[in-house]
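See structure below.
So that you can tell them apart, the chains are marked A, B and C in the order they are listed, and the count of residues begins at 1 in each.
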């Protein structure tokens, strides 16, 4: 093994060495920022109980109407930004804001690393259903090197996409003078991460701008790459290529009246499956013509060929693959039983995303051998063991 | 106190009898699925049902000694009903799969729908109407011909019966240009190609009339 | 008079609930299957079709209770599919009260099952279900597991193989149209009906009565299996009469709203419409 990774990825250093499964859903304690209480139930499940029992959704809807009344513009200008891929979640939010609440949304899309056919089809269909959109695609040659850097040093090539996805909408909000930015779900609350802000309508700019995803800022990451990677040099970019990878400062945002990330899931009980139905009926959304690798569903996160590797590496790093993520949410929602979730995971969890493997290697400009070297460097030793030359995950779900 | 009307459903171990049982129970009959000679002979009425292949069926019937049972029951003059395969088995022979001898209780043969020649879809499956045979020697109108537009019954078969004596033909049905015999009446025997137990309320009426009123001849 | 167009009500069942997806995806709960079944029988449905949607996942069909219940009260043919793997499974489903079984995954995995099952139970008892999905190159391929797993089998040639092996009927699901209310994929259905002499039941896409009429007029199908068109009609008019298990995705039911892109049509109305347009149907009594 010729590849040795650095330790700039912080998440992986804080996960418990003993694997425990939630008693109610199918997530494990390996998920960064998750909490298990004394009954062995995870924070995701508790958040769902809260959603089901303790929230007055009618009151929340009223709050939404009031918020939107305050922001709605009648002077021919957009009044809300919806970061949108054209998928079922963002499509739902954008369509509702426009057609149910009479807002003037501008959907903004941070391009996937590599569009899939179905992803682009859904993206166009969403626009076709009656929404305005701006699609941003960063400097491709530079981004591919960043992706390789992220793959090697953060164990997630997709991270480079995420950087843009969280920053770009706010750069646009500031530049276009739109001070309301509406996301779909509060990802941390919905997917058993940090439960803070689960009961808040938005995450304040001061809070999230400073957050270092995976424990390292974009600049730190870039510096590391410039210092240690022979494929990345200062000739590969100019400062203007970096604009969308970082959000405006907290001061700039609050100065522009942009409070933070608003969550639609605060105002409407969030159900990814119902979002699917909504978009199938209203935005021309079509599911994948075949099952998405690594899971059982056909309607989640379809637009990026590189997506599968984000989940696959997560499985290597934390034992948390794509199937687990979806099954856990559906179990919490009561759409499937835990028994079913377990059966699904036994069938699909950790499935290698073969379909776009060649594309992935080409995108990062690496060999298959290097791919596996990097992957193996990310295998958490307490989760994996090698038996008869094969890597086995030590904790298949029960 | 009326003794409950008991119907023997003749079991020749080829297909499931539950549909018929359920229907008869719903109608308030007492019924028993059996191949036992004495139970069958003692019953007030008998049904020979069936879905499956003719050769297989005859094998089982012979092995269980049911050919004698059926003949003897019919000789008692009590109502006897043959359904689908049970209808076909009463005749001389069938060329389904291989030419096989039937029970020869009635004269005639069973032949396959000529699907290759006529480009028909086989099996004939679904709801089709029955038309009255005006040359029948026994006339039974109700509940078969109550409405002018024709009553629908459920059919599912790949072969059809050609009786020798046309006077026993109670009704015919058209499929693929062929007007085939869909039911017969001969003394105490009523037999039909369609499935009354699967033909909704109309079919239930047929079963009910058959055994309740011992349909007028 | 001649062979009527069969209007088959198809119920996708998960545990205690009737569910309805789009493109066979999603498990939105619509209520209790027994209530729907009874309603459809009374309305004049010609057949019922029950699909156990999680059977493949668990490797078993779990519908025995509802099959028995249905068989005791409803006297039209019942076909049951989902997780049927072998002769014994077929036998058990028939014993529970079904008249026909529908098989997909097991038939593709082991085509000989079709011939042995047909010989054993009678060809007319064996229905093979094909889930067809159009590929980017225009070909239609057969899938299993609610349109999830590719099989490499091209639909028309698989249909021909099914006929050779001796099945009695094919139910053809146009997955791309299913649950969308956009109408049937007439081109696909025509290709399959031309390729074989087996009776074909079309499934997937009915959004209004005209779609069903177009299908009946254009293509020699033996029947049509309908879900959304009928289910959403039932709950529109009967929600107050029906309790539902508070399990599964019940958000839609709780919201009490109707669909925008699929008409709500009772069977009786559909049949009258077809008869008016010279399609023979068993009339609703």
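Here, a residue touches a chain if its C-beta (ideal position, glycine included) is under 8 Å from a C-beta of that chain, and two chains touch if they have at least 3 such contacts.
Because the structure is predicted, anything quoted here is derived from the model rather than measured.
A.B. asks: Any chains in contact with both chain A and chain C?
C.D. replies: Touches both chain A and chain C: nothing.
A.B. asks: What chain sits nearest the middle when you go by CA atom centres?
C.D. replies: C
A.B. asks: Report back the single chain whose CA centre is most distant from the CA centre of chain B.
C.D. replies: Between chain B and the rest, the longest centre separation is with A.
A.B. asks: Just give me the whole-number Å value for how far the CA centre of chain A lies from that of chain C.
C.D. replies: 37
A.B. asks: So the centre of each chain is just the mean of its C-alpha atoms; given that, what is the distance between chain B and chain C in Å?
C.D. replies: Each chain's C-alpha centroid was found; their separation is 29 Å.
A.B. asks: So, what's the distance in Å between the C-alpha centres of chain B and chain A?
C.D. replies: 65
A.B. asks: Please give the residue numbers of chain B that touch chain C in the complex, ascending.
C.D. replies: It comes out as residues 15-16, 18-19, 22-23, 25-26, 51-53, 115, 119-129, 131, 149-150, 152, 154, 156-158, 174-175, 195, 197-204.
A.B. asks: Touching residues of chain A toward chain C in the complex: what are they?
C.D. replies: Those in contact with chain C are residues 117, 269, 271, 273-274, 276-277, 280-282, 286-287, 289-291, 296-299, 333-337, 340, 343-344, 347.
A.B. asks: Looking at the complex, which residues from chain C come into contact with chain B?
C.D. replies: Checking each residue of chain C against chain B gives 1-4, 6, 41, 44, 46, 71-73, 75-77, 94-97, 99, 119, 121-125, 168-169, 197-200, 220, 222-223, 282-283, 285.
A.B. asks: Touching residues of chain C toward chain A in the complex: what are they?
C.D. replies: Those in contact with chain A are residues 15, 22-23, 25-28, 54, 57-58, 133-136, 143, 145, 147-150, 176, 179-180, 246-252, 259-261.
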